[in-house]
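Take a look at these structures.
What follows is a pair of complexes built around chain A, which joins chain B in one and chain C in the other.
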Partner chain A sequence: MAMHRRKVLKGIAASGASLAVLKAPYVQAQAAPMRVGFLTVKTGPLASGGLQMEQGLLTYLKDRNNMLGGRTVELTTADTTGNPAVCRTKMQELVERFNVSCVLGPLAAFEALAIDDYIRSSRTPTLAVAGAEDLTQRKPNAWFTRPGATSAQPSHAVADFAAKDLKLKRVATIADDFAFGHENVAGFQRTFEDAGGKVIQKLWTPLNAPDYGTYISQLKPDLDGIYTGHAGSNGLKIMRQLSEYGLKGKLKVVGGFTPIDESLLQQIGDDGLGAHTGNWYSAELDFPENKKFVELMRRDYKVDPGVYAASTYLFGEVLDAAVKAVGGKVEDKEAFQKAIRAVKLQNSVRGPMHFDEFGNVVGNIYIRRVDKVGTKYVNAVVKTYPNVSQFWTYNKDEFLKNPVYSRDNPPARYLER
Partner chain B sequence: MNRKSIAVAIGATACAAVPWIITNDYFVNLASQILIYALLALSLNLLLGYGGMVSLGHAAFLGLTGYSTILLVLAGHDQLTTAILSVVFSTACGALFGVLALRASGIGFLMITLALGQIVWGIAYRANELTGGDNGLTLPARPVPFGIDINSASNFYHFTLIVFAIALFCIWRMTRSPFGAALCGTRDQPRRMSMLGHNVWMIQWLTFVIASFWGSISGLLYIYYNLFMSPHAISLQQSAEALLMAILGGATTLSGPIVGAVIITIVKNVVSTYIERWNILLGLIFVIVIMFMPNGLVPGCRQLWQSIQSRRKAPAPETKSASEPAP
Partner chain C sequence: MQWQFWIVQTLNSVSFGGLLFLLSSGFSLAFGLMRIPNLAHGAFFMLGAYFGATVVYFGGDFWLAALAAGVGVGIVGIALERFILRPLAGNVQGQVLVTLGISFIIADVCLLVWTGDPWTVPAPPAMRRPLLVAGFAFPTYRLVVVVIALVAAVALYFLMERTRLGAMIRAGVDDMEMARGVGIPVSLLFTVVFLLGAVLAGAAGAFGGPILNAYPGLDADMLPLALIVVILGGAGSLLGAFVGSFIVGFLYNFGIALFPDLAYFILFLPMLLVLVFMPQGLFGRAAP
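Showing the complex of A and B:
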């Protein structure tokens, strides 16, 4: 059995991996590559996001000659299929079988929640895309770090922009009916209503709804705008159908960080023109690091990077800085984790960023508007909210006293029947 | 018989020794998972193989036990009370589901079990306050049965193995009992069985309850292993997977579902590390098995073995028959 496995593993740094399988004492050596585990989704409905995560990470590693902070990287990619139980098994495989020093991913909130206790007990530094609020709020995990954003972190800024700059008063929300959508909309609603707006209607669409017609036709006639929190290809679908139902131009469309993703922007095209979304990233960001990233992505994959690709590219930057800080000694997990949390980047792909005490990012949130430049559609940055934390402008302790954002929390005060 | 009991003893020893044969925690954990899914498939197979009732809602019992275990532990009950209560609750739901589902047979039965499974899934997904919705619930810790810590991979494996062995023995006894024979009778000749004075409905309902009981036990193991429950664990896909395990291995046999669970779990978790399109491989395995061994792997291999045996013996009578006319 071991012989066979060795044969299969031939490509993966022969000595290290098979020694680990045979439980031989692991020899710590600077020359040995640093093992990095990568949890992504390659099959199932979340696969498009998972694919971009992989593209972003590979772009970073390729550009850096497969090095992080001076150590060669040996990447092990695992497909979680978007299923919590499989995600857990894959996480165990990465840690117990491949002896990885840190794990990147997972994508979905429920995946991160399923491995939460395992991350703690195995003490594995983990950088996650998953937005689940509580992992860096009421149930903080010392080994969990989120360089992207919580589900609602950009929503707060969009809400502020919608109320103060766009002067929207009456808004309906529409989003996917799962935890990410609930948290995403809840953040918008809270800040929007605190700024004087009213959310008068909340619609939830099933994740795999083929058509939004029945939902769009429920929209109240006297709305100023609509907020969408759809993720993945559902963003494309809602933008297209809003336009098909003749609402384009009549309703101001605002959105969270997922509906108008750069990877789908060219397909959304005219339907999205003028829509405002808030995100911690835009392919249009005028930073040297980002310009390089966008160029590499266009060259290798013929797409503009969206938020998922940017996430894993950012992971690369954060890890690079952390590995440098510990002088390459990533096998010392405590020190490595401490170094990851202490990372402070001025010129990352998303601009300046650092982590708060919970391991969640504090960084800029950009309000982007869909513009047409020549024949190309872009998410042009129209406003920057600097150094936004997961708590927005709220008091941290009060924020944490409230229950976590959900479908009915905070309660909507202005719903109209 | 003696040879058989020796084989069982060797098999049991080999299973018990797994953690010492494969020392890597990951593979030991995988073995535990295989046992958990094998138990789920075994319990489903009581309905499918022995009772001829195709159920597409069996994962519901995984969820009913899992969620009730977490909720009871969070409510402050101790692990033993929780385990008993949640299995009783889940089995009671099974009894109710049985009453509903057995109003129909064949496709009707399948559709009702599908609907019931989806209702459980829907409650888990929708009742945010109770089940945490999409984000699921976390069990704080594994229990400590008789003061033994089962947190390490090998200890948990042995715990699972003991439960599995008890379950396997009970299921084996059941299928070999007069009740098991009556069950097969209701599958093949329901009208004749009722003419013979058997209460067909009662036999099928009892089987449904027993199947949901063992399904609940596998749910208990599942939640102890994963410490996490979300609607994904009880989705239609999970029910279908258990069904496929039983069909792939051979639904008419006791060992079939175990073989199916081994193959599917390994392809899903180990082979997928090397082959990106492992779904296609799984599909290919199904197609090939269904084409060449329509009754499943275990009966198929048994048939193959018998035909090889008889072919090996075949030359002997042939020479006899050839030599017979000579003198």
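Showing the complex of A and C:
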């Protein structure tokens, strides 16, 4: 049950007759499906994001007749259960037993860190959702590529927006107390304070805290705004409880790319109205590629795609270009990896994008505001920061000289007791 | 710290304590009577939360949802007691392990039916706006939960102290052999008390929905809290469950707010002290 093979060989069946007649060895080799491994989370608390990852990828493959760059895809999906140890086992199984040419996933930063060594030693091209900063910074992994964003990449932009456009001065931050939350908030704090704002309070909620009432009541009374870096369903929880404690309207709410995800937006509803979040994606993006994607997701799954679904759809677009670039010869890992890193798309689902020397994406970051259109809630794009890199506007070398973003780094200078 | 902090934290603690009382009162009575902790109790709570969320999702009234959750989980509870625990009578270890197994099964079924996405339960519309008193806001719904818990406490008190059934339950908790000896149908009591516990847990789950949401893992988050309440208060004691719930409510909220790094230490330390110095719990009467 753990490994689940999904073969859609329609493409082959359709072209099979002519191939059989040709009998050319080269063509036959090309006709063998390209094996792709997919690490997602189907059980446990991270399952909602994992489900969206699967929906996004299947949407892409279904739409392209199960082909990437001219080769039929044989997809092997593994459930990591959001557990680093299981993720490691599954990764090894994908590479050694299923002989995959590349791996998509995993979802969480701690999963990515757990398979970091193995990605290097097995030399497996890997496209990851996980945000863990250092995998594309101080400890770069040559086989690891991130088309979405690092944990803090969108935080920098939303911090700039909060300070300059919303003119916030005194802000509290609140986020999940784990690596992603720490990195996400650290990026916000740095840019926000560089732009003249002050983070006067930092609150951390345990990943599985059942209730945020205790934290919300600690908020200082004289704040201008609050920044949330909560991920998954915790985003829904924080938005609703802020409203229950009467803070909606009193405080400007800003957030990173996880708290107000399209997959939960209709449930967040009125509680989210007016909140600004920074993300590399919005279901509202006006590109034809995105309109098509949103339409397909609505048709097949009755939901708007959020950032997790968009990630794997984007993986499809990147892989498609890379497979084309190597003429379908994905079994040559070196060349394939090089081609992945060289992908430059003008019209991806997120707009223009390419990779930096560390394999991390350079692309637009969108500031989105929750609006109500008719009876539906949307993340309307109100501002675009073009071609944002993981280093924001900072000098790369200086950025890398600082320690990696963490709970207490950069140190908060303006905390008030 | 400002005065608002203390007031809001106190109210938070009281409302969380109320919820814990709904969860743990039935747990405590069943524990005291049957001598086994029902480790599926957290799963009952989660199941109640999902039942409630489902009824609300399909347009049902919130109170109807709580009722449905109580009845639905009650049915599960009766089935568990009659068909699984009963055949294992006398085998305490087996019974405890089987309740743990059942909790895993319920958790997996919930994941299958309600998926990994959290289900949110909106509070009834009238209680969604915060209550504003002298410029400070508190969620109305949480106060309502306190009232519900108090009503339940009074009702349970009368049940236990003023009815024949309550007298029989108390007799069973105090001395099962003697209770059997004077002709009290103890095995029927088991079913009744287990049912009561399941119904309360189910309803508590539905009432907890708007505060906690229904999500995979809710069972594992709540069960330890119920265990602490019962160990503090003493198994089988209604008063113990009541006092224990509010103690835990306060420890939990203030522990997290004031000493976040020590929150669980602060929560479990009193449990440890009670276990070492007063193994019966603060109000426990059950003979070992």
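A few points about this structure:
Everything that follows uses one rule, which is that the second predicted complex is superposed on the first by the 389 of 417 C-alpha atoms of A that agree within 3 Å, B and C clash if a C-alpha of one lies under 4 Å from a C-alpha of the other, contacts with A are read in each partner's own complex, and residues count from 1 in each chain.
The rule we apply is simple: a contact is a pair of C-beta atoms (placed from the backbone, for glycine too) under 8 Å apart; a residue touches a chain by one contact, two chains touch by 3 or more.
It should be emphasised that the depicted structure is a prediction, and the values quoted were computed from it without experimental measurement.
Once the two complexes are laid over each other on the shared chain, residue contacts for A:43 go to chain B and to chain C alike.
In the superposition on chain A, A:215 makes contact with chain C only, not with chain B.
Shared-chain residue A:193: touches no atom of chain B or chain C. Shared-chain residue A:51: touches chain C; no touch with chain B.
In the superposition on chain A, contact is made by A:179 with chain B only, not with chain C.
Of the two partner chains placed by superposition, only chain C is touched by A:204; chain B is not.
Look at A:317: by the touch rule set out above, it reaches neither chain B nor chain C. On chain A, the surface touched by chain B in one complex and the surface touched by chain C in the other have residues 42-43 in common. By the touch criterion stated above, chain A contacts chain B in their complex at residues 1, 8, 21-23, 42-43, 78-79, 81-86, 88-90, 92-93, 96-97, 109-110, 113-114, 116-117, 132, 178-180, 182, 406-408.
Within the complex formed with chain C, the chain A residues making contact are 42-48, 50-51, 204, 208-211, 213-215, 217-218, 221, 233, 236-237, 240-241, 244-247, 263-264, 267. Across the interface of their complex, chain A is touched by residues 2, 4-5, 8-9, 12, 16, 111, 115-118, 120, 123, 128, 130, 132, 136-139, 141-142, 211-213, 215-218, 221-222, 252-253, 256-257, 260 of chain C. Listing the residues of chain B that touch chain A in their complex gives 22-27, 29-30, 33, 128, 133-136, 138, 153, 226-228, 230, 232-233, 268-269, 272-274, 276, 278-279.
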